[in-house]
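Order as written gives the chain letters A, B, C and D; numbering starts at 1 within each chain.
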Amino acid sequence: MGAIRLEKVKKTFGTLDVIPGVDLDINDGEFVVFVGPSGCGKSTLLRLIAGLEDVTDGKILINGTDVANEAPAKRGLSMVFQSYALYPHMTVYNNIAFGLKMAGESKEVIEEKVQSAAKILNLTDYLERRPSALSGGQRQRVAIGRAIVRNPAAFLFDEPLSNLDAALRVNMRLEITGLHQELKTTMIYVTHDQVEAMTMADKIVVLQAGRVEQVGKPMDLYNSPANKFVAGFIGSPKMNFLGGELAQKHSCHEIGIRPEHVAVSTENGEIPATVKIAEHLGAETYLHVEADGYGPMTVRATGEVPLGEHDKIFLTPEQDRIHRFDAHGLALGNS
Amino acid sequence: MSTRASTLTGRIMSAPSIIVLFLWMAVPLGMTIYFSFLRYNLLSPGMEEWIGTLNYEFFLTDPAFFASLANTLLLVGSVLVITVVGGILLGLMLDQPIFGRGILRLLVIAPFFIMPTVNALVWKNLLMDPVSGMFAWIASLFGLPAIDWFTNAPLTSIIIMVSWQWLPFAVLILLTALQSLDRDQKEAAQMDGAGPISIFFYITLPHLSRAITVVVLIETIFLLTVFAEIFVTTGGGPGLATTNIAFLVYTQALLQFDVGGASAGGIVAVILANIVAIFLIRLIGKNLDN
Amino acid sequence: MEKKQTPLGYVSFSVFAWIVGLLIFFPIFWMVLTSFKSELEAVSIPPSFISFDWTLENYAEVQERSNYFKFAMNSVILAVGSTLVGLVFAVTCAWAMAFNPTKRTKDALLWMLSTKMMPPVGVLVPIYLMFRDWGLLDTRFGLIMVLFLMNLPIMVWMLYTYFKEIPTDILEAARMDGATLPKEIIFVLLPMAVPGIASTMLLNVILAWNEAFWTLNLTTSDAAPLTAFIASYSSPEGLFWAKLSAASTLAVAPILVIGWFSQKQLVRGLTFGAVK
Amino acid sequence: MKRVMGAALCALLAGGIAHANAETKLTIATVNNGDMIRMQKLTDDFTSKNPDISLEWVTLEENTLRQRVTTDIATKGGQYDVMTIGTYEVPIWAEKGWLAPLDNLGSDYDVDDLMPAIRSAVSNDGNLYAAPFYGESSMMMYRTDLFEEAGIEINGRLTWDQTLEIAKKLHKPDEGVYGICLRGKAGWGENMALISTMGNAYGARWFDEEWKPTFDGDAWKDALEMYTNILGNYGPPGATSNGFNENLSLFNSGKCGMWIDATVAASFVTNPKESKVADKVGFTEAPCAVTCTGANWLWAWNLGIPMGSQKVEAAQKFISWATSKAYLELVASKEGWANVPPGTRMSLYENPKYLEAAPFADETLLAIDSADPINSTLEPKPYVGVQFAAIPEFQGIGTTVGQQFSAALAGQMSVEQALSAAQSSTDRTMRKAGYY
């Protein structure tokens, strides 16, 4: 059981407002991802929930109890650190068992729990090794194993994959998602990588400068970003923002259109443009173009398109995929 | 970056050390300050009387004070230069492949473990003695007259002994620092066409700067209060040639038993030490923070 | 600098290095050698290196005059005792400074170091009077306290720099794992800091062993360590170089051997965070 | 972990305290010279006669001993039950009431047998405050073989000018023989002991009747010029670091033509086990100049008991044992008559066995008898002591002046500079101490 609720949670360091005041509901069993550019306060928010930092003001409710003034250990949460934070002087077994020992569990219980965690994480053969003798992915699994055995109300992940190489990162992503499906425990996951957020989350919390910009399911954020920041942050490549005539036509300050929602034609279309760079990936082609009167844009075309530098093309945004923003960057309803 | 609870525990846990050190410093220091305003000779107890700043006047106008101040600075400065330069050279030497390097290293660091008193006794009697000492014999092999170390070069003799004691310390730290130097950096510099000397000055020396800072800091702390070597060999002489501040205070306290004068001297020494400390702190603050 | 050396270069450089090393070590070697000579041979010119009558007479005489083992035992107790007491204080203090620093931490550290720059003789009389009043003169306890306080700043400093290198994450992980503060320190911090702690302890044993001002002035016999032992040999009457050498050898031998055996540990912590 | 350390601490504490037990333990501070060390080795004789008393020896080098003992007695630290102190300390300390009078040394102690000069030096108002362990004056020891070779004969007491001439003749550094060995190491008990007697011989004194130092007079200038000339030009190299022990080593290894120093040296230089020149040593009185008054010093190492000691009775027993006639015989029986501590008892100099074993006995007696702490200068003086002034400030003054004179010897300053530095520093100290 792990429903977490933040009420007006505030954090200041000296005179600096790191978190000006956050309200958030996390349901039991949900996989929530905090995403945002670095320095946006997402890690701080996680550490506030963990109890590694004090809140300056506000409440943190875990299953209805305010734990804002409780020691980390009393909150019943587990955390996986970016650096893994394994105990270098202990074997894998002891690393995983440490929390149980601290909780005063009996030897038998420890043995059983460690073994079952090891099995889930494919670590059974490595239990007697030291962390220094493991690969990055194995270390990550040990860190997760350490979190699992304590049956926490929720798992907290602090950018757990950023120290892994690209291929391993995809693997671990799947493993963690699989783990969530198996354990059905609440997970709070911090990352700056929107791909991880999109692929893993039940619910994404987009943060900027300590403020929650938007909360929602991945596809909701993709389809209806609440503002220009979310629109630009979610989705890859980034959304194109166009002002000028086109915006006026849609009676707003600026419009946004995702690269995948623009039709490309060599003959005719709404916006004439010149190709600068074409990235051919086989299944799709990214065209970085200079649109006449609008500046640089990125466009995604399916499959292989025979275009190259200096080619003249025409772009046509899909009308029902156009996002409209006012002068403050807030999204306006579809026109 | 921590919680109120842990900040509080932090305060509580650092408190014992700070409090005991504070008491250890403040209580005797307070008494010393009080004594420094008294005419207080240990040999005339019960005759103490308040004499205001007379002790300070006498200490500060004592020609011995300036001589000893100069000697202190000269001693600290020379030993620092010798040990840092020697430490770098020996460090570079021991960083090369050498037959039996491990054992050689043991030989080089051995002087650091020697009691200062023993150090002084051995150098004074077995080595520097102008009649039967080793150096006199070596000089005679070359047909040279023996150097009368403690008469003709007293401060130099002290500097040699103290440097011998502290050189290994510098070698230990600088050698470790040298070994941690990234080989890539040197190779990149070689690719850029740098010779061994430019590599030393542009790569190795900057890399050593933090280690050198530490050597300077720690050695200064100990060198400011060098005492045993002087006490055993020259007794501060001839004249005032080897009297440093610590020894001058000692002569007041334990030869003249002038507690008042020694206290004033002690306070002056504390003030001087703090000036040096502030200077060092600037240096260290820059170098150790990053 | 890392150029491949020719075999000739290797040999000649080794020879050169060994000459330098032996020169540095020579005073110690000569002291030990002299301790096995007779007094007349000790002062003879030219000095004899091997071809003299090796004798243990000096050691016997030294032992007869003053019971070496009593002094040595005191040295061990004082050095180890002050180091252990110091460790308890220094670990907690360094933990707090390294992991829960406040604005004044840096100042506190440097202030601690600056307490060491005061010439001890300046406060001898106050300390002596206090020791007298508290009955601490010539007690091991009193000396342990003094040596502990003398070395505490260095210990805190060394441990602080060492602890600084330990990632905070790991301690936080332990905290998340439910470890209380003492358990966090004992089960996580200390085992990780073993090399640093070992070198801190070693350096302090060396410094305490060689401390010659307080140990001489605050002891008479019960608590007198080897520094007091050697103080009676600094210039006795008659020819004394051989006996002096024997006594000196006895006084420095234990710490030299310990230092040699543990120099690797010593080096690691001695860098005071200067080398990462 | 903390508990373990706590336990360890308690154990240490307990170890420190557990020593106190039924028998009386006397802690004895001694100087590390030959006679004292010999006494240490004879401890068994005392403890077998006094099984309820155990002895704990603290042997220290002279300067360290003096500091330790003075600090302790002045602060009433109570660390020592018996202290070895010099004739300089005894009158000062007795005056201050720091020493327990020795009134119970036993019926067979024979106080009247003590040499008058020595006895008066350790008494105050007719009471004995310390018992002399050995006494000494200064005299000249010379190499009879070298004198013969150079055709030198001694007729009557030498003057310093004559001594200088002899030193010139004997000085052959190429052959490893130096004309004269004298103390050069700075210290009131080292070079100043000798230089003070030279000063006395040249008619100088430490202080005039107003307690003003007199280093600006001609007498000191003559004395110091002689000293730097004779030792600087015809002495061994490194003379500025030579004290009694270093000179003894030099003389014993045959490197000195003459040596003017303590009479106790006589037994060492004539001991064939330690001396290469044992059978070639002659003895004569220390040289005079314008006067012979105060030309040789008087010194004794004595045993005293600090006031307030809880163990006065046992301590007196020990002192009585260590300074008795029986002790002399004990040493004689173990080590031979030549090695008994000299210079304290008249009976020793009437003992034919001693006179036979100690060819230097007559000269020693003569020297000690002729040294008078009261009348030791040509002109009147306000202080007691031949080679020192028995005032608390003297240690500091003597050492500072000693430093300046050794700087003159080293050639770092001229004789004039050294004297004026000595004058001003002594003047400062006396002014600060409130003498005027």
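Please note the rule applied: a contact is a pair of C-beta atoms (placed from the backbone, for glycine too) under 8 Å apart; a residue touches a chain by one contact, two chains touch by 3 or more.
On a predicted model such as this, the values are computed, not experimentally measured, just so you know.
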### Query
Out of B-C and A-C, which chain pair has the most contact pairs?
B-C
### Task
Please flag the chain sitting at the greatest distance from chain D, going by CA centroids.
A
### Message
Distance between chain B and chain C based on Cα centroids, please, to the nearest Å.
### Response
15
### Message
With centres defined as the mean C-alpha position, give me the chain A-chain C separation in Å.
### Response
54
#### Entry: Whole-Å separation of chain centres (CA-atom averages), chain C against chain D
37
### Summary
Listed in rising order, chain C residues that touch 2 or more other chains are 43, 124-125, 129, 231, 233-234
### Summary
chain D residues touching 2+ other chains are 67, 71, 75, 249, 253
### Query
Using the touch rule from the top of the page, what residues of chain A touch 2 or more other chains?
52, 71
### Task
Write out the stretch or stretches of chain A touching chain C in their complex.
50, 52, 71-73, 77-79, 81-83, 85-90, 98-99, 102-103, 146, 150
### Query
Residues of chain D touching chain B in their complex?
67, 70-71, 74-75, 92, 96, 185-187, 236-241, 249-250, 253, 255, 392-393, 395-397, 399-400, 402-404, 406-407, 409-413, 418, 421, 425, 428-429, 432-434
#### Entry: List of chain D residues in touch with chain C within their complex
1-2, 5, 8-9, 12-13, 15-17, 19, 27, 29, 32-34, 37, 40-41, 56-61, 64, 67-68, 71, 75-80, 243-246, 248-249, 252-253, 268, 274, 276
### Query
Can you list the chain B residues touching chain D in their complex?
39, 41-45, 54, 58, 62-64, 124, 129-132, 145-146, 148-152, 154, 233-241, 243, 251-252, 254-258, 261
### Task
Write out the stretch or stretches of chain C touching chain B in their complex.
1-2, 5, 10-11, 13-14, 17-18, 20-22, 24-25, 27-28, 30-31, 34, 43-47, 89-90, 92-93, 95-97, 99-102, 106, 108, 110, 112-127, 129-130, 149, 152-154, 156, 168, 181, 206, 209-210, 212-213, 226-227, 230-231, 233-234, 241, 244-245, 248, 251-252, 255-256, 258-260, 263, 266-268, 270-276
